[in-house]
């Protein structure tokens, strides 16, 4: 069997180091956390930094464009043969027509292990994974530095960094894998890291519940990918990227759609796409740095990575692009709408994350991979910055997360205010901040590729985004501080519904001064927030052109030029900002802020307040029936029916035993009688039956 | 003029030498007792002599192993087959005597020991009997000895069991005798070997049927089993142990010879089918009735009913190999059954009366070796490894399947399944967590049962696992 | 000879241990030593030659023939490892007697997995039930019914196995067939044609009960819950594999046509068990029963894998057998530690232990994650190979349905973990010491093996391959 | 052969009387008549020695033994039929049914072809060395049937020892007395 | 009417059946023993008849042996009845049922 490997096979110890160092850090910190105590944070951050640095020397090798793919003939029993690249037969002209698609995806490849024929594992670092790997380790490093300040004093300080390191390892596994199984391994492990971190404050029932929910929904996504692997393996006999992509032409359109659909189930769960998004807002139970790293910058964008990675599949399947683009658009809109209704600062950011990922998915879904990936990059910067800033605010306000109980923080926390303002502007897409470039590219990409409906959604969502992000900004930082007033006067009846913990967490429940360790990473992120978008005009598309070769191009005939589109979007965004200003920041609005917030709280439209009833529906459709069936099995079928049958059998047997004993009356004459009856039967048989 | 010497040659005498040893040994026991002073350890001496006698008989029996020889004008046949049964009988007698160190009060022991020896000789006669009078006399010799032995206890149950055994067994003897008369009438001969040559006639079939009724009674096959539980429970433990094996061994020998040698091939299968059926019923009913028993002797009686069903099932189809497996299983049964009796004797407060289930409670913690030995015997009875019971059952199953009696094999499995509860009830009692404070420890003074337990345990395992083929050891028929 | 050593050494040593005082802790360490010796002996001699001793010549030939079949070797390794782990941190009362039982169990189960003769297999099969029964009786809940249930179900199966073995021997003339290169020619071809399906039925029922498979499983939750955890670890991890192993090395090679004939009902049963176990685990309150029901689910998957007759799936089955053995042993051991500390297994009574016993929580979560098929641990590798193979073999719906319980598994495993370890502390739960070093030592090899096999299951998977060549399982 | 029918009548009548008599003594009398008639039948079948033995052993020894035991048990307490008949009544019709079946089968069987063959010729009863004579009997007994004959010795020995051990051992419950020399019993009996 | 072996056998069968009935119907162990004697005698009659039919005196020998055994059995049986009576002061077999179940 021929085995196609993407990338130039070889030994890359730095790559392995970058991959495994966080794992080693995680294990060490987990095992020896109680010993190292406060050193845990610096150690964790340092390891992450090492991983980041280890990647840099690989830049040239990973981005070198090879005009070739490597084909290995492996023994069909395949044990370890793929690793032994020396025996490979080499070909520059692989598999005919698909060679072009494959050959452009060059990078570096490190072989690892083989399970069975078709299941061989290795690391692949090409442009796509390089971008992700750098973001993961880089932002991971920054956020760990931030966390040293944020988590100071927490009892499980070292364990927190163990989890973060583990997450980085898992995410690296996900993006560096050269096959779908390895990807799935990473996919599951990041889910696990996410589970640990969401449930970090595990004595809080809401955190426990949220972590379980996140994990289970992510497993739903996992089995989507699993099924896609079945399909691919049955079709091409391998789960390696190279093998699958080289054989795209052999797959029927229906099969392609099925594969893409199943893969997308995974994306939807991981990247919080409708209808599998419900875990993301709940995931804000985790510490804020976690939300920044995992639930904003990196993990949730794994779906984007997967689709970008599988560009050859999507390129070949029009229906899949339609499906993914549509879901992405719906998610973008739904996230934005739900963002309108939130009061918890982190939940607002969570819904905005969902919305922005919707954009990315829409982008990569319709084939605008470069735009989608750029939006991932810029979003990683500005959303991480937003979260970290929110963290600073929360930290300073003794873990208060309800923006109704904030207000007027502009003067009290100037750094936070400016940082937040910058982030909000970026996410709204105000030129020339990073969000402007990427979002614009995505929105226009849909139009370019012939999806006007998605375009419309994109534009509308941009406006809504501007509104609710500025609402967040205005309510939090403008006006007067409301932290001291009675929550009920703001209409807050059930604090837990607002996202605020009933029993706020732990031992660091007091106002903290903002440490330099928390400010510095935010400052670094600001650079990206401001400047990352410029990559779009600095050769971004060319950089990725080899990776996304064969992507559907624009139809040409577009009724709106790019500049016109930009102006339109900017106008809509400005309208959104204006409405927000009028409602929340205009002097008149500020005067009656408390009353306004109360009314808004009480009169919140029910569908929004209940997040479009997704939770209710999932509960009623899946959870409740499963529990009912389980109860049926565990309390009725097992003890009564199945076991009952056995019990009846034993009862009948015992009864038969008593019956047999009842003939044993102790009366010798009765015994004689049974003897004679037996003899009579014998005699009757022998007299009449035995001989005819 | 008849030369009477030609009817009692040296060969004849040598061939029945084990029986002569046994019979005369009983007389020696009695006479030595006469010569003893009053205070002497009469119990020990009697048992010692009996043991020597039985061992001598057993050793002598081994010399007879070889091709079949017919002696006493065809009354008796000595062959490997008869030797196998005889050895089982002798071993069983030896072990039984060891169980409770003599039967009855100490001044009765010489007499009862003599009776045991005579009963043994009756079974030895049955093992080699080749004509109807010899069968009948051997059977009666055994039975008469057992009637008496059953009554040697002050417990009213023992007396009752003797009376019941007497009445029912005599009645069964009557049936058997009448069957013998009809067989004689149908063939004009009393020699088993001559029957097969006769033309099949209804009279023969009916005679065979009545004969088999007697056989089934002695084997205690359902529905001819009803005497078994009562007699086993009532009789002194050693007697129960003795009769549980010796009666079965002797009767099986007779049955096997009858089934294999004397039936005209044309009708053999039809004549024997009822026996297989009652064997099948025995396997099931015996185990069913044992389910709720708490008295060990009674439980083992029911278990014996089922076990003998298994043994008879081995003979189904009257294949030559089946015969060997039946002998093998009988040998295995001897050890596992007597082992269980021996443990019961050791556990019991009154070794003669036997023990009930509560006496076994917590045995694993009080006397672990005894408990494990008992577990071994019970596993063997249940047909589980690593015991002879397991191997024996496999052989029987294979033989039944081979002979085309798969339904018997199936019922055997059914019966065994039921029996698991019976045997594991005891295992459970021994190993369960109990409050040991409530249990009064009873230790019997005599080391003899311990010897029996050890011998039986070793034999049970070795017979099951020793890598020999029963076919290589057990002889051909006749 | 290595195989014979692994079977006999634990049994002989077990018998010798009776000589030691009842309350001493020496027997336990002797037990650990001998189990370790078997482990080393196995690991050091993967290619040891068979040992044979003639047993029966008639009615069929049978031998004391022991040696390694591929899957058997894998499970024997697992067994030795799990036995070591179970004994290292033994906390049952009367440890000498318990150790003896566990050693008997190890020896008997070694016999099951190393026997290369059907009759010997049947012998050990029945034998391995006895120590379990004794332990359930002696260490389970007083007056509990679990021992009876275990006995009735498993011995009924064992007896059918016995009958089937005898019938096989009677018809084919030999039972020395496990792992044999060539199959015996039936002595009675006519009888063979009629009887062979029935013989398979006998074997299959025994295997199904032992595994167990719906609807023959109801003995299992109670047995596992009632058994002392060390025993539950051994039987859930190793004994439950006997049925699957039987299908693999007896069913597939000896009864290939008949196995194909019953594939559909078997797959359906496996799937029902798969879903049923998962659903039942979702609402169960007894943590040990949750694991028990999860076993039902996982074993159903193995059944599906076997009856897909696919090479990849067969590899997956072997990997998953080992993986399941590792994580269920780890789970039961940890749950045992919890039960020993808190004296309850009820989820409603437990909670928040992680706050004071973080190491215990860590141990439980690793085991639970392996059980729920976390990618990167061995369970996932097995599941993936089985399902991929099954799907490739054309079992579309089974593969699709089998995915659902993976989600449910995540839910119930986390429910069990969080219910015991997380959430607010239960007020009246006593504070106990955290995982001790010994307990950690008991778990460490299991976890390490899970992680290693999760990354690289090829060594185990290739054992299935070796078996398949000798067993003549054509890759479709 | 005309004597057969009256004898058969006597035989059956006496047997019925034996099993139905109220008192055991009457049964003994019935049995006596039965045995006597049987002895005569033996003579009609050329078994003169057996007829003699029949009278001697059965009538002379066994029945006397019965009478002794009846006498022993009837002294002082009521021994026979003291309680209610515990055998369920429905079983008695069953028993009768069985009996009828047995009788019928016996009747049917003996009508089958075998017995219609003519009897083998034998000599006249009473002569020496002819079928049924003492000499004929003795020759057969001491030659071809020597082994069974020898066994009877032990059968009787068992009976003697057994009865002695059983009966001589203890006093009846209503006349309990300690007997000082229990060990002498075996001695005396064996010496007899 | 000619008298052949058939009539003798029929007579013996009837006697045998009467013996069986006696065992079942009577509660007095002595009469039960007597009934058993009837059965033995019936068998003896059959033996003697067949001996005559075949002109083979082994039937006589057999009958003789049976008589011997019957004597021994009667002796032992009566002894057992006596010892039972000593223990329980009754010999009504319906009253002697300690052992059952």
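All chains are identified by letter, namely A, B, C, D and E, in their written order; residue positions are counted from 1 within each chain.
Here, a contact is a pair of C-beta atoms (placed from the backbone, for glycine too) under 8 Å apart; a residue touches a chain by one contact, two chains touch by 3 or more.
Computed from a predicted model, the values in this text were never measured in an experiment.
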* Asked: Which chains make contact with chain A and with chain D at once?
  -> B, E
* Asked: Hey, which chain ends up farthest from chain A, C-alpha centres compared?
  -> D
* Centre of all protein Cα atoms: which chain's centre is nearest to it? -> C
* Structure fact -> The larger set of C-beta contacts, choosing between A-C and A-B, lies at A-C
* When the C-alpha atoms of chain B and chain C are each averaged to a single point, how far apart are the two points in Å? -> 42
* Structure fact -> Expressed in whole Å, how far the mean CA point of chain B lies from that of chain E is 26
* What is the distance in Å between the mean C-alpha positions of chain C and chain E? -> 64
* Averaged-CA centre spacing for the pair chain E and chain A, given as whole angstrom -> 96
* To do: At least two other chains touched by the same residue of chain B: list those residues.
  => 133, 137, 140, 144, 147-148, 151, 163-164, 167, 171, 175, 182, 185, 201-202, 206, 229-230, 292, 421
* Considering chain E alone, which of its residues make contact with at least two other chains? -> 5, 9, 16, 19-20, 23-25, 27, 33, 44, 49, 51, 53-54, 58, 61, 65, 69, 72-73, 76, 79-81, 83, 87, 93-94, 96-101
* Junction residues of chain C, two or more chains touched -> 152
* Asked: Which positions of chain B touch chain A when the two form their complex?
  -> 163-164, 167-168, 171-172, 175, 200-202, 205-206, 208-210, 212-213, 216-217, 223-224, 226-227, 229-230, 267, 270-271, 274, 278, 285, 288-292, 418, 421
* Note which residues of chain C are touching chain A in the complex, please. => 149, 152-153, 215, 217-218, 221, 276, 279-284, 293, 312, 315, 352, 354-355, 358, 362, 369, 372, 374-376, 380-381, 384-385, 387-388, 391-392, 399-400, 403-404, 406-408, 410-411, 414-415, 418, 421-425, 455-458, 461-462, 465
* Residue ranges of chain D in contact with chain E within the complex -> 1-2, 4-5, 8, 11-12, 15-16, 18-19, 21, 24, 27-28, 31, 34-35, 38, 41-42, 45-47, 49-50, 53-54, 57-58, 61-62, 65-66, 68-70, 72-73, 77-87, 92, 95-96, 98-99, 102-103, 106-107, 109-111, 115-117, 119-122, 131-132, 136-137, 140-141, 144-145, 148-149, 152, 155-156, 158-160, 162-163, 166-167, 170-174
* **Touching residues (chain side chain E, partner chain B) in the complex** => 5, 9, 12, 16, 19-20, 23, 29, 32-33, 36, 39-40, 42-44, 46-47, 49-51, 53-54, 56, 58-59, 61-62, 65-66, 69, 72-73, 76-77, 79-81, 83-84, 87-88, 93, 96-101
* In the complex formed with chain B, which residues of chain A make contact? -> 653-654, 656-661, 663-664, 666, 668, 670-672, 674-675, 677-679, 681-683, 685-687, 689-691
